[in-house]
């Protein structure tokens, strides 16, 4: 297991963690605290994934699949819970948006692009891709309806009546029910739709349960610390770089949380294992929409800091367009680098739009 | 034919008809009149279907197909005409919405779910499903454009200029033209795209024309009477249960009118005849969008009670999202119970949203 | 080459050019100047296409493909540049909208309809159709985001802040980058995705470079003259026929510019070469969205007459609905005349909506 940790070049970024502590201690309010905390979260998200995966292999297929499915996006979840605790509701929604579109456009786009270079086309298993796309579309419905509510009854997306909170609460329960159903189906069908394991790794000996638990615990604690640092140091960084909270949530936080998915999917695509690459990208998005987002809604209600499923018009447009673009691109079961370029272009246009949105208030 | 009527357990609900008369005579304004009238309409919708089908078999393929296609949703049409006569324009639009999304999400979802339990996947004929989905999308276009009109030119969905009436009138004619075209294609291609007959029933001897006509006439007369009772008794029921006219139209009326489709599609799915189940669900929706809705628009203009194709934002979002969800789910020609669960979840979220919409005025 | 020009019956319309000059000289302000100038542009658009194609064959596959891809919609580009020069920004946007929906609905619809008559189904190559649809969807994203911007931040589609200009400028660059990528892919994969050549014509001897250049130059000069006449004579024609600039742009100008595509696609469909027909229709739309529209945006910034990618709600709805309808129809790789009828019906409904939009101001 230590070898696995040492072999990943991305883990060099772990030295950013102590750097962020020193910077935070030396100068309160430096934008470099934000940058180093952000950098340190990239390998930590990967370590949580590694620990979960090792534990999952020891736990057997059923419990293991559940572990992978639940902790697969644990880093996003921890950062979001820390941000919620400090009242950054809009940042959390923005990071949910960013995770969904980042996985669909950036991860999938890079996979198609890098995998397709030097090859004419690559093929992947069509059925699992469209199945997961359908799950994603269910998430889109749950996000669109509160906005239709607000927009058509109150003429804007800023009115926040009680009905939207209640609609969000029940929608979150329905989404988690559908998610649970898909996990049950996956277990009975003997495959994990959200966190597939690469062919090669299946034969490797798993780490001991103790080592896996230790890595998982250490990575979780460190992630929480670094997330607190990141969210606390956000204000000076926003001022310094002229970014809005929306932009940081959609682009920066989402990039940090999905770095592990990027790495796994792109290397799989390079090896021409496109089915795996597509499943990582689309499955991780579906997991955000059907598990992480509703879990955060329910958590926010439990702690009294209400977060609804009411996203702003940019977020809804970005998510809906990303899901439709993915559906169109994966439906034929073939990819090439131009399709990757198209998805990356969609991501760039959306990122530009988020960049140009002025800070409100 | 009598045996066919007696063999369907749902026809026990016919005793709700006399019950509704007694209740209406005893206490004016009881919500139970609404409930019993609603219950009695479920078997009546089925009986109109049975009568039409028997008549259609006697009439030969061409005329028979036309009969099936025209009277297949006769119960919905009768209830809508009665409601229009009493000025409940919004109720009629809501029931059109409810029929479309109910067939796509509830009927198809239940079919996928019930059919898929205990099976890994079920296959169906992809081409006919996507063909009918394309027809449905044409209906979506006709419903979206009046709303774009109202929203972009008048800033709300409550302005109702003359242009929307005229656009609705001509759109209705175009929809019916496309519907007529698809009937002609179906007849020349020797199959009925909207009301397919199950394999087994094709060999059964048909009832005599007289018996079929008698059942059809009796069911139609009774349906009209019960529809009058239902619409007349709606007000006290709305007050009693705290429902809005929108919710009753989208959920309750639509459930009544589509009970027969539910039964046929789900039993077909259970027998693993998924092509039939998909054709019933998607075909019935397309028939509502391309025949029933435009027929009601033209009828409303004929009787001077103008109903446009201008639906409210919830209805448009619900229809558009349902059609897209269906397209994504049927495009691969495979289903499993999780896809059924997803469609049912979409239905639940939409139903919740309609439930939370407050009564206007 | 002269034989090719003489053999096309549409070139009789060239006599409308001198007719338009005489009319313009005789009576300033007659609507007939508009009509004759419009009629003369139909064969001129075809001649530019013919000249480009002949030149492309001489130039070899790489440069030739580039020529075809760049000048394939040269007539639309020239008319748009002339209109921009006279300040008709909304007319240019309307003609871009009309070219996209006209190619997708009218050209593809007519091809499916005419090709499908007397045949049960026609098959075409699914992959290239969905690839090009994905490119089109990228264009949709670029057009939707500025509108989301304007609508959600400023409450209307009439505010035009600087951010929209900047978003449009960068989006145009991204679109052209994606377009360039698809050209490179097409050249390396040895096929032209946007302007495929019919099988039969590939064996014909190409015209001399001189003759091709002469035809191209003459047609370009004449197109510019006739476009000036057309745009100049538009006002009296609008008054005479009660048309708005929006309607003329979306329906009339687009029909003129796409007449050549209509002819090629429909004749290919009649010969049952559906892959070619679909590629002409969908490819030409993608070329408008990813090359012509961004090129016009960049040109407008260069000459100081800023045109953004902010389209009005009707245009966005029309483009988005057309692209989705096309995706649904082409995804199964099969067509029949009913699908053609459906696309034509969608076009009719959209055209009606544009007709009913009142003139602003």
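Letters A, B and C mark the chains as written, and numbering starts fresh at 1 in each.
Here is the rule we use: a residue touches a chain if its C-beta (ideal position, glycine included) is under 8 Å from a C-beta of that chain, and two chains touch if they have at least 3 such contacts.
Fair warning: this is a prediction, and the values are worked out from it, not measured in the lab.
If you draw each protein chain as a dot and join the dots that touch, every dot ends up joined to every other dot.
For the touching copies subunit A and subunit C, the fraction of interface residue numbers used by both falls below half; the interface is of the different-residue type.
Per-chain Cα centroids separate subunit A from subunit C by 40 Å. Residues of subunit A in contact with two or more other chains: 324, 331. Within the complex formed with subunit A, the subunit C residues making contact are 126-127, 130-131, 133-135, 137-138, 140-142, 144-146, 148-149, 151-153, 155, 163, 166-167, 170-171, 174-175, 177-178, 181-182, 185, 189, 324, 327, 331. The part of subunit C that touches subunit B in the complex is made up of residues 120-121, 156-157, 312-314, 317, 321, 324-325, 328-329, 331-332, 334, 336-339, 341-342, 345-346, 348-350, 352-353, 356-358.
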